[in-house]
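Next come two complexes, and both contain subunit A; in the first it sits with subunit B, in the second with subunit C.
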Partner chain A sequence: MRPILLQGHERSLNQIKYNRDGDLLFSVAKDKVVCAWYTSNGERLGTYSGHQGAVWTCDPSPNGILLATGAADNTIKLWNIQSGECVKTWENPTAIKRVQFSEDGSRLLAVTEKRMGYLGTIVVYNIQYGEDLTQQSDEQDLKITCEESKATVAGWSYLDKYIIACHEDGSVSQYDSKTGDLDSNIEIHEYDTSINDIQFSTDKTYFITAGKDKTAKIVSARNLEVLKSYSADTPLNTAAITPRKDFVILGGGQAAMDVTTTSARQGKFEARFYHKIFEDEIGRVRGHFGPLNTIAVHPQGTAYSSGGEDGYVRMHNFDKSYFDFMYEVEREASRK
Partner chain B sequence: MSAKVAGREWAEDVSDNEANDPTAIPAPVTTVNKDGTKTTVSYKIDDSGRRVKVTRKTRTTVHREKVNPEVAERRTWAKFGLEKGKSKGPQTDTTSVGENIVFRPSRDWKSVQAAEAKEGGGKAEEKSLKEQLRDKKVKCRICSGEHFTARCPYKDTMAPIGGDNEPAADPMAEDGEQAPKQGGLGTGQGGYVPPHMRKGAAANAGERMGGKFERDDLATLRVTNVSEMAEEQELRDMFERFGRVTRVFLAKDRETGRAKGFAFISFVDRAEAARACEKMDGQGYRHLILRVEFAKRTT
Partner chain C sequence: MAPSFDQISEQGLAEIEGIDFSDLEEKYRDLREDQGFDNFVVIDGLPVVPEDSKTKLVKFLMKSLNRVGTPRDGEDSVFMPIGDNGKSEGFAFVEYSSPEQAVAATKQLHGVPLDKRHTLQVNKLTDIDRYGREGRIDDEYQPPYIEPFADKEHLRSWLGDPNARDQFVMFRGDNVGIFWNNKKEEPESVVDRKHWTQLFVAWSPQGTFLASIHQQGVQLWGGPNFTKQKQLPHPFVSLVQFSPLENYMVTWSNQPIAVDPDGKSPLSLDEDGKHIVIWDLTTGKPLRSFQAYDLAPPPALEGLPAPKAKVQWPAFKWSADEKYCARMKPGEQLSIYELPSMNMIRDANRDRKALKVEGIVDFEWAPAIPERESIKQDKRPEQLLAYWTPEIGSKPASVALMSVPSREVVRSRNLFNVTDAKLHWQSEAKFLCVKVDRHSKSKKSLATNLEIFRVREKGVPVEVVDSLKDTVINFAWEPKGDRFVVITAGEAVAGSGVLAKTAVSFFAPEKSKTPGVTGSFKHVKTFDKKNSNGIYWSPKGRFVLVGTISVQQHCDLDFYDMDYEGDRVVEDEKVAANIMLMNSEEHYGVTDVEWDPTGRFVVTSASMWTHQMENGYRLWSFSGLILRESPIEKFKQLHWRPRPPTFLTRDEQKQVRRNLREYSREFEELDKEMEEGANAAVVESRRRLYSEWYAWLGAEVEDVKAEREDLGLPDPDEELDLQKTRSAKEGEETVEEVVEEVIEESEEFA
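Presenting the complex of A and B:
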């Protein structure tokens, strides 16, 4: 496969996201610019400018109208995807580390950083899609304060029933999305190793976490039971579940400060493919010069993109060998 | 400024036309070839200031795909932000195509990877002992030929090359792997060990003299009543029918070069020697009748 390299950022990538149809890819980096790309040919549709600090996170709404971004300038911004205009800005006391639209797009959660005396919180806003997109309420619909350990990433579970948050201490919490009550908190990663990414399966009944403890885990959203565990030899920054094929893709690399002292060969700057069921590593894709910060998989499972510390986004379209690969037992099962 | 333009130095004029001036680059020229491809010739200045001519040949193939109407509509959106006003299609400053990456998932990816690393010229130390030995040729410790020591035709007549008290015909030693162990250098820690201090020196001390002949006698035939005109090669040919002959000794007169009338034939196997003895005793050879018997033990 021949990757398409996107060089829209001058600094390391923080998050990339496909829209629901998979024809657009959004990327955010530490350089304040938000980019939108056509995935078919790598053409840049445009940039959304307005943030004053590193942009940590982005998420397009399921209906493809709005794009939410959260940045180190303590703001959450909503953008009109088509025109590139900022339609709403919410100010917060601290930086925004993660935003995520609910499954129906009516709510938006944001994870705020613990800093300057403020505890880490998860805030939820209601989103309106009227004629005038700037008509958004300033009121927070819900505010969850993480008193014990700050939340690093969060997302909505199936039917927007729960908010699942991952914490700095390696635990995962399940909150009721209506009331904000904590249902359960289970430590799934090694104690005191932060969880850097959470991505849900297509039906949102389970999710994968990427931990600093060099493991990624698939966890059931209903009862936070660890279903599968994948171990790597490097701290993981990101993990993604591939639709269509039963694989997971993990990305990581050593901490950014150690990068210059190691060669690319041993630097482990590769996307690692694991079999979702059998937990075996089945292959790697190299190409980045730095650790992988973020991986996104096309919603139809035909492509994936990775964003690295090196400032590049690489879009890969899977070729035949990827789709043909099967374990012997899978092949037998498919014959029946 | 205007004065400078008016009164241009000839030296400046030259440098302006050269690479230093970015405006001196000719505009890209695109020509359409007969086979439908396009050739674009453009010039750019590389990092070290040299002017580089770039010839790019492109073929356009139209790939049609049915998509969601929403997706199709999005393709027609106007560009915005930093891309505002730029032409349709990917811009070369933001989008490029990477080198081809071969991605073949495999079940035991880790072991495949390890094997490839080895093939790809890993250091010799990293290779396993087995692999090191794979390409090694068999070498006889007696005659340095390409056979196992136990198969050496000279094993009963020649001492091993090393020349110490190593048992030459030890079949267990044929791999060559065990050679250092049996070299008898005591503790195996290296360093010189005097012969009398070596392992097994006491046991082998007195046996050395007769040892060779003793072994010889087990499968050696004494042939008498051999014709004067006999040749060693003829004897070897005759006796080789019964088994592997390791040595043929035909006693010859030193002055005349004629055979003295007796010979010794050594076999590898005593059973073969016994059969040869039985069959060849009383056979005619060059008008004489051979007499074959087991050689007597020399004392």
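Presenting the complex of A and C:
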């Protein structure tokens, strides 16, 4: 499994995302540039420039027309993927840590940072896909304020029924996506350890969280019940669920500031594969020389990419042995 | 004018001053009611003497009385009533200067013989008053209540494990747990308790007890379920040491003991202000307590605050049979105590006095009962103790072997230009190796000599191994064997920050023709350019792990076999060893190494007490194959439960060794069964997890589908298909170009 190395960023990666077809990969980093890559050969399609600060997050719309980005310059921007134009900019009082389109693409949520006297919020905008993409409403459709502990990441559940937010204190919240009411808040990670990533399964019925407490958990979106738990030996920054195979991929590593020795083996900068159902670790992929900040899996489950603190994106296509790998129990079940 | 308040009081005072109280003062001088009778003791059991011999008796008695305190007015404080018949009554009252002295008198003089026929009985006067008054004591004898006999738990039940597994204790986070070692499998938990100990845990030397250390003292646990066996209430205890046969324990606390005389603690006033207590573990009571001697601090470096005095630990060292324990006052004397009385052993003048050894730096008891040739014949029981003294003035440094209890020095040897010496006994007390670090005349370069005392041979000959040019940083005898390993270090390049490379050298005796006689020690093999600093012999000998412990840059573990069964590696045919490096491994951050008591496994661990990185332990086979890797957050301690010595005789052990193949077949079958059983269980649980997951997912998908229909939303997959067909209908052409280029394929998943 030889990766394609994407060297387009000068600083550490913050998020990478495949589009729905899986032919493009978007990456954002602390260096203000948003890049789009062909996944087939790793060639750069282009960049979207306009942000004035580190870009924290990006998300392509499900229909592949728009790309939303959020950055430390306190703006959310919408881009025409095809032309590279910025079609809309929303200003905010604080930085944007996460954006996500709803399942049908009609709404966009954004998680705002808690800073300078502003509480962390989750805001929702309505999105129009007309002839003129610049015709977007300035009005917020919904605003949820996180009084208790700020939200770090958030996403939409199945049928866009709920907004699921993960918090700095290790808890997850389920909000009604229409009214913004808090349905429930459950502590699933160790208290006071932040949750760094949330990624949903294809049908969005369950999601995986990556915690600073060195664990990742699969949680039901319906009732926030923890279904599976994976423990690693290092704080986790990101976790992804693979379609086709019942695996999850976790990434993390001791942050540079926490590493007290110079020993290279201390870092644990590897992507770890766990079996989703049995919770066993089944393999690791080395390559990065800094912590892994973000992992994305191809929507068809044929490839995955990782972005690291080292500024590189490594794009891996799964080979035959990956698909052939099966537990005896799975083989039994597939024969039936 | 009426007198003012001031005037009244002044007038009053003047009047009081005018009255003469001297007669009253004189009259009541001796009563001292306010002090009560706490200063008084009653001494019974005195000889009955006529009045004119009274002063003689009092004088004689004063000798004893003065030992524990000072009677208030000397001989006048002894009140010995004379009966009507003109003879004394056989008792006397004594007034001491303080209640403490009175208490001390009851403790120390009670039951002490005055002469051949008379034994003193000393009680506090207030006690006589409290208990002895009429009606206070029932005239009828009431037999004391004896607790019905309760079966004690079997304290050695763990030895009966059908699979002959070993236990270990593990302390991590706030939890302490006891586990069965299951080799590659997850260890099986016996008990696991939160906050079981405050500081650390320790096994007794034969594995019977587990000690937990608390602010209030030490608790001992044992039996199949680790129930509480004993409590030793030494407040703020921070160091403990068991005696070799587990009958006694030494505890040390930084803070002097403050005894509450009315408390229920078994500590008495004797223990007040002491740091060290020696406990009898059968009764759970203190035997004797001591002040601690501090070791002289190392000389202060320039510009740095003077280093603190170090605690002398172990404060007491025990002879192998536990009949004696000894401690030294550095540079001055050696005190040897008998057990269980804890009295000092008698010297040539039958006095119980400490042995003056000028300059004494260190001493070690022989770890087994030595079988010296001369002793074997007349069969006097003896223990041996080795100590060394440095050069003092014109007197050379020397090492001495002393026989106990006779305190006779049976062998001594003078040494010259000694910087430091270490005493290493072989486990059966067959040999004593004195590692002598020497300096040259200019007091600069260091070299090391090994002086080996052959204790069992006639006249205790000393063999000198001085083929070592570098400093020896570590030395270890093979347990129950006659071979040893030394680690030597070259000089580090100054200022480079790189540690000096070390060399591991193996020594073995020459094969000898006469059985029972050990040939002279020969250097067998050296492995150099190592970083090793620790030597860990298997408790059964033959195998040895030499590693780099608690060093940040290195963490090597080398597993050696001293009797490699393959082709001869060692060229010298004459030496009784064939050394093979079986395996070299690493364990990052290793701080501790411990063999299991059977020598089958060895655990290397990284404790958070030393550093915070990759804490946890690894289990290896004796040959260095990794069996388990267990990273554990906040891992602190892992100790194998020691085993008591076997009851099998030498012949029976030989028998077992001869039939090893048969026995091992049995155990191999067990192992196989266990592995298969474990595998089956794993498969079963996976099957369950698999079906549970898909049942959950199926239900969830159904629910979502129903909800989607209720909301009237289109299925996103259908929508996608629809879009595609629509775009196809609109005449758009889809050009698909697939360029496949296989650059390289490599297996990533095993």
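By definition in this document, the second predicted complex is superposed on the first by the 329 of 336 C-alpha atoms of A that agree within 3 Å, B and C clash if a C-alpha of one lies under 4 Å from a C-alpha of the other, contacts with A are read in each partner's own complex, and residues count from 1 in each chain.
By definition in this document, contacts are C-beta pairs under 8 Å (C-beta built on N, C-alpha and C of every residue); 3 or more make two chains touch, one makes a residue touch a chain.
In this text, all values refer to a predicted model and were calculated from it rather than measured experimentally.
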Task: Partners on subunit A (subunit B, subunit C) - clash or fit - done: clash
Open item on the list: Tell me the contact category for A:220 with respect to subunit B and subunit C: first, second, both or neither.
Closed with: second
Open item on the list: Let me test your reading of the model: by the given contact rule, A:282 touches which partner, first (subunit B), second (subunit C), both or neither?
Closed with: both
Open item on the list: Quick one: is A:43 in contact with subunit B, with subunit C, with both, or with neither? Answer first, second, both or neither.
Closed with: first
Task: Touching partner for A:327 - first (subunit B), second (subunit C), both, neither - done: both
Open item on the list: Between subunit B and subunit C, whom does A:233 touch in the aligned arrangement: first, second, both, or neither?
Closed with: second
TODO: Could you tell me if A:192 is touching subunit B, subunit C, both of them or neither one (first, second, both, neither)?
DONE: neither
Open item on the list: Taking the superposition on A as described, I'd like to know which of subunit B and subunit C A:2 touches: first, second, both or neither.
Closed with: both
TODO: Return first, second, both or neither, reflecting whether A:84 touches subunit B, subunit C, both chains, or no partner chain.
DONE: first
Task: Touching partner for A:205 - first (subunit B), second (subunit C), both, neither - done: second
Open item on the list: Counting contacts the way the document defines them, which residues of subunit A are shared by the two interfaces, the one with subunit B and the one with subunit C?
Closed with: 1-2, 41, 273, 282-283, 285, 319, 321-322, 325, 327
Task: Residues of subunit A touching subunit B in the complex - done: 1-8, 21, 23-24, 33, 38, 41-49, 64, 82-84, 247, 273, 280-287, 314, 316, 318-319, 321-322, 325, 327
Open item on the list: With touch defined as at the start, can you tell me which subunit B residues reach subunit A in the complex?
Closed with: 67-68, 70-71, 74-75, 77, 79-84, 88-91, 93-101, 103-110
Open item on the list: With touch defined as at the start, can you tell me which subunit C residues reach subunit A in the complex?
Closed with: 552, 588, 612-614, 631, 683, 686-687, 689-690, 693, 696-697, 700-701, 703-704, 707-708, 711, 713, 716, 739, 743-750
Task: subunit A to subunit C touching residues, read off their complex - done: 1-2, 40-41, 62, 103-104, 158-159, 161, 203, 205-206, 220, 222, 227, 233, 246, 260-261, 263, 265-266, 273, 276-278, 282-283, 285, 319, 321-322, 325, 327-330, 332-333
